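One structure, pasted below without further comment.
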Amino acid sequence: MTERVREILSWYGSDTPGTRANLARMLHHGRLGGTGKMVILPVDQGFEHGPARSFAPNPAGYDPDYHFQLAIEAGCNAYAAPLGFIEASVANFLGAIPLILKLNNHDVLHEETDPLSSVTSSVDDALRLGCAAVGFTIYPGSAHARVMYQEAREIAQEAKAKGLAVVIWSYPRGSGLSKEGETAIDVVSYAAQIAAQLGAHIIKVKLPTAHIEFAEAQKVYQRYHVPIETLADRVRHVVQSAFNGKRIVIFSGGPRSEDETFFQEARAIRDGGGFGSIVGRNSFQRQKTEALAFLRTVMQIYAGEIQ
Amino acid sequence: MTERVREILSWYGSDTPGTRANLARMLHHGRLGGTGKMVILPVDQGFEHGPARSFAPNPAGYDPDYHFQLAIEAGCNAYAAPLGFIEASVANFLGAIPLILKLNNHDVLHEETDPLSSVTSSVDDALRLGCAAVGFTIYPGSAHARVMYQEAREIAQEAKAKGLAVVIWSYPRGSGLSKEGETAIDVVSYAAQIAAQLGAHIIKVKLPTAHIEFAEAQKVYQRYHVPIETLADRVRHVVQSAFNGKRIVIFSGGPRSEDETFFQEARAIRDGGGFGSIVGRNSFQRQKTEALAFLRTVMQIYAGEIQ
Amino acid sequence: MTERVREILSWYGSDTPGTRANLARMLHHGRLGGTGKMVILPVDQGFEHGPARSFAPNPAGYDPDYHFQLAIEAGCNAYAAPLGFIEASVANFLGAIPLILKLNNHDVLHEETDPLSSVTSSVDDALRLGCAAVGFTIYPGSAHARVMYQEAREIAQEAKAKGLAVVIWSYPRGSGLSKEGETAIDVVSYAAQIAAQLGAHIIKVKLPTAHIEFAEAQKVYQRYHVPIETLADRVRHVVQSAFNGKRIVIFSGGPRSEDETFFQEARAIRDGGGFGSIVGRNSFQRQKTEALAFLRTVMQIYAGEIQ
Amino acid sequence: MTERVREILSWYGSDTPGTRANLARMLHHGRLGGTGKMVILPVDQGFEHGPARSFAPNPAGYDPDYHFQLAIEAGCNAYAAPLGFIEASVANFLGAIPLILKLNNHDVLHEETDPLSSVTSSVDDALRLGCAAVGFTIYPGSAHARVMYQEAREIAQEAKAKGLAVVIWSYPRGSGLSKEGETAIDVVSYAAQIAAQLGAHIIKVKLPTAHIEFAEAQKVYQRYHVPIETLADRVRHVVQSAFNGKRIVIFSGGPRSEDETFFQEARAIRDGGGFGSIVGRNSFQRQKTEALAFLRTVMQIYAGEIQ
Amino acid sequence: MTERVREILSWYGSDTPGTRANLARMLHHGRLGGTGKMVILPVDQGFEHGPARSFAPNPAGYDPDYHFQLAIEAGCNAYAAPLGFIEASVANFLGAIPLILKLNNHDVLHEETDPLSSVTSSVDDALRLGCAAVGFTIYPGSAHARVMYQEAREIAQEAKAKGLAVVIWSYPRGSGLSKEGETAIDVVSYAAQIAAQLGAHIIKVKLPTAHIEFAEAQKVYQRYHVPIETLADRVRHVVQSAFNGKRIVIFSGGPRSEDETFFQEARAIRDGGGFGSIVGRNSFQRQKTEALAFLRTVMQIYAGEIQ
């Protein structure tokens, strides 16, 4: 175990050896293994946006085996997906990569202002499928946030008791927020705090803008001169908001973007003290060779091999 | 076991031997046994549309014994029905045909924009009645979809643990969709994906039209030239959307139609790589002799004995 | 055991010996014992309509002992009542008559368009009180029908596992129906079908009129010339709708009426193949001597001793 | 055991020895012990109306010990209170008086048309605190009546199985009723019937007026000349409505009133066959000496020592 | 054990030795140990108001270790925080200070008139983390108060059975109250009564104003001349309202204020018979040295070392 991983694990002193071992497995796996940085491949877009919107750009992605192969060949730390995708292929890739079973999901066939994900699998499903962690999405700002917080809490308690790690996707959305507010710096850092207080081991948030959503928060940012000008500043503030950097915070890649834009963001995450990226559409919507090259660059940035 | 059945079963590597044995039972049963194709007789219309609308065209159908006899004589792979129908007759046909207990149902005595089925029997009912599988309907697009997804998930987890197979009827409906959208190609393939991600072994959807419901999807179908012109094209796209063909997808026959129309649809399902049909009103609303002849033709199309 | 009872029991081949024995107990008990016909005394009106409206016409009925005595002396097949009435008197009449514990109830102190009964006792209450069956009301057509169907299902599963019979009162009501539609022939036969599919052993419905509520149903009744002109025709259609006569269907007496009207209805039930009546207000709201004479005539009609 | 208590207990023939022993304890305790009459001290007004409105008139009442002392010294049959009050003092008065733990409560900090009490303690709390009975309020006429009936049912079943008695406060309220209707004779007697059918051993209602709320009921009261002119008549009708007098029905004292008014009411309760009073504000809002004298008179009326 | 602590513990005679031992631990810990007074450090503002609004004034507070250190060095009786904060640091401070796990939380990303906290951890979490007590917030006056009362009840019952103490934050809010009414004397004393009746061992309320919210209460305060003019009077009335002083009532410090204002409030709490303060923002939003000095003064006031 590297010094850095040992340090990170020291922040999880309340957890059982089983849970800490699974955190260690993810931190040690793949190209970034041991650096304390993580790049995770998540593929829940088939459920979240529909199959064609997700996989038509690279039809190999319709096949559940493909994403295991991509994550393994790219040297990701873990692969995250809903029940069906994991069930369909895990027996073909036993032990090859740490798995995160995404326990709730949401689709866009019914529009709503205040989203509420459906619980689509369980901690026991994660155990029978050999996963290292469970993933769960909360939508702070939704009128239904309470339901999701309480589901997250129950899942976290059960997962910890059964030796799994807990990853929370904390995505502000809903009638409590403006569209711009969903990625406002005060809101994203608040979302990170909530996930941390709910007991997440790993927290996934979107990259924040410099917008501030709430007047009450605005006063504080101004009065105390909280630095939020550059993306690295904002990453630093979000990481600080997650227990002063004592929780693993990784950032979402978002929709497919220009390579250089993405690399710049990765640099900002790295420089701001972020722990890495979860890269979905930017990897599986490319042809495999291209995706592998792209992910290699991202990992080199995190490893500090590229500035 | 035929090569084809062995191949199909290989896609279900996460499942217990009990569940895989029940899938094998259905795939090996009847005239199409071993071909990898399935024709299933479902009779839940008494609950869904009322008894007269369902059985007055062929009053023999009021009797629960009749449907067992029809399914057995026609050589179907399985017979699917709600609790009452199975309970009333199963003791007279022990072991004669694989059974799918339909665990939820819906009636039309109360109109609603966003349908929500009632859970009317349980996995333990399926076990005590000797069924091979449980069936469950979800309505993606309904404001109540979350309730049904979560019920489906709980049922699927219990059924798998108890060695049963899981069949999901995935029928888009509700305030999230236009009437035309219920059978739009983007919606039906999305419905197939959702059922697959929820962990269904067998997925039942309606035949899709070339209509595209959502603008976001429309862009993708155009940009990536997804072929959806012919019915066979669309079947192929739906099957692809269900894990690149690694889940059994069968298609609903719908209301009683002209024989030739139905046969053309069966050809399209076969040619597009679909796994078969679930034929309700088109079989039990005919006189028995006529129904047997009709189903024989359908099976011959699937077997490739008729082009 | 008579041939007829043996035949009736043969329709319940999925049930445990305990449940079938309790069905047999009810079918063999009282004056009509062994004929396959049933007359049941139900007294839940104190809860449903209030005590004065129920018992002021014959104040003896305020006393829970009275109804046991009436049912026993009249030779009914069973006595059905809510928890309180059974608890108050059962110890005074141990084993004297089969009992049906009515598990849900509804009052009229709060008006509502879409009724939803309250669950007021349990299967385990029925066991500790020595009952042969549980009774449960569903209101198809109510916006809350799903709640009641699901409660019915859970109760039916538990009752069957514990050796009790299940009686479902299936009374269409609610915003899905017009007032006239509550007793329309298409609706009553649909209600009988739903109760049968939910797994009821005995189904209680109201006598249907010749009105047809739904246009979709109307087309079918006309096209297939379903006979519904006479009351006997309609009874026959309802019985057919309950698994082609393979479920016990009995009819509700309704509010107190003229003797001759009631007897004509009993003849129609008998001639249409119905299994009998559940006679509440028409019996307990009369003086006892008069009630006994009245019920004797009803039973003689069912026994065929009076034409 | 007196003849009268033996007679009363004979109405509870379905209950376990544990429950009947607890009924006997309450019927034998205090000055009225053995007469079949009861005077109970209830103190839940601190929760229901707030502390100052309840206890400022006699500040000794802020102290939980006070009410134990008052009930014991006055010779009440039992003392009823919410969890906090019982927990705070029971260890100081072990075995000194039968206790009724009030399991649900309601406050007035949030106005509502259709009240719904909160469940604030459990049957197991009653057991660990050594109580003889549990108390529960239902509001027939509220849109939420179903919730309370079902909670009452679950509590009653558990309490009976664990040897406790069940006291139901049945107070009509809510959007189904006019203000005047809350104490209308048809409504109060209906409320008594509902509590009895739900399985209450002891039923607490308000004293009824001669008003009749519902037209359907009005017809019956007129047609059958039900006597409701005097308060004693109405008490008799309410008692009759609770299983022809075979359930213990006691009456609420209501807000503090003139002594003579209260005594007249007690006479009417006695003469109408009522079983006693539950006297809250009229006792604990007086100075103790005055309260003891007041309660002594009430008990003498019930004992027939004063006409 | 001091006489005062022994006296306080005597009010909790219904509790298990485990629970009383945990109350004793808190009462004996820190600078005020043994005096019967308490100063508790609560840090749930990260969840309740967001991280920047809470911790930007003193960025050391982003770190979960900091609050443990502050509470320990200041000699507080206990430290209260949500799951995440306790989990992150408890292993570094084993046994150093009694802990109160805050089991529910609320955020401000979604505005609502009637607040309802989310349950974010459990009694079993408190046990595995070695806490002495659980904390729970109720909002009397909210349309959702019933949900919180029932959750509080379930948690209190479980906590008591498992040997933990129960702290209830009782904060009137919601559509039942005006803004001014949230701290009205009748409302705050009512809130204290409700928490006491729900079974709280320690009750936390806000300091009340002399405003009276409800007309019914106003009459009583005037008629009985309840003294509420000075803050000490009002504290005395609130303490009286919590079982005549037989429950530990502590007061919330509120937002950061002038030192002298705060000290005056502490004097009023002390002089009115209050048991102490829960001091959040006024301590952790200052630099540590300043916070320690500030808390020392507060404790000296409570200890009577400063008048």
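In order of appearance the chains are A, B, C, D and E, and numbering begins at 1 in each one.
Keep this in mind: a contact is a pair of C-beta atoms (placed from the backbone, for glycine too) under 8 Å apart; a residue touches a chain by one contact, two chains touch by 3 or more.
Keep in mind that what you see is a predicted model, and the values were worked out from it rather than measured.
Undergrad: Enumerate, in label order, the chains that touch chain B and chain D alike.
TA: C
Undergrad: Have a look at where chain C meets chain D and say same if over half of the interface residue numbers show up on both copies, different if under half do.
TA: Interface between chain C and chain D is built from largely different residues.
Undergrad: On C-alpha atoms only, rotate chain D onto chain E and read off the angle in steps of 5 degrees.
TA: About 70 degrees, rounded to the nearest 5.
Undergrad: Hey, how far is the Cα centre of chain A from the one of chain D, in Å?
TA: Each chain reduced to its C-alpha mean, chain A and chain D end up 58 Å apart.
Undergrad: Once you find the CA centre of chain B and the CA centre of chain C, what distance in Å lies between them?
TA: So the centroids are 36 Å from each other.
Undergrad: Which chain A residues reach two or more other chains?
TA: none
Undergrad: Please trace the ring of touching chains beginning with chain A, moving first to chain B, and write out the chain order.
TA: Here the ring, read from chain A toward chain B, comes out as A, B, C, D, E.
Undergrad: Chain C touches which residues of chain B in the complex?
TA: Touching chain C: residues 46-47, 49-53, 56-57, 59, 62-64, 82-92, 105, 107-112, 116-122, 124-125, 128-129 of chain B.
Undergrad: Please name which positions on chain A make contact with chain E in the complex.
TA: 11, 13-15, 140-143, 145-146, 149-150, 153, 157, 172, 174-177, 186-187, 189-194, 196-200, 214, 216-217, 220-221, 223-224, 226, 237, 240-241, 243-244, 246-247
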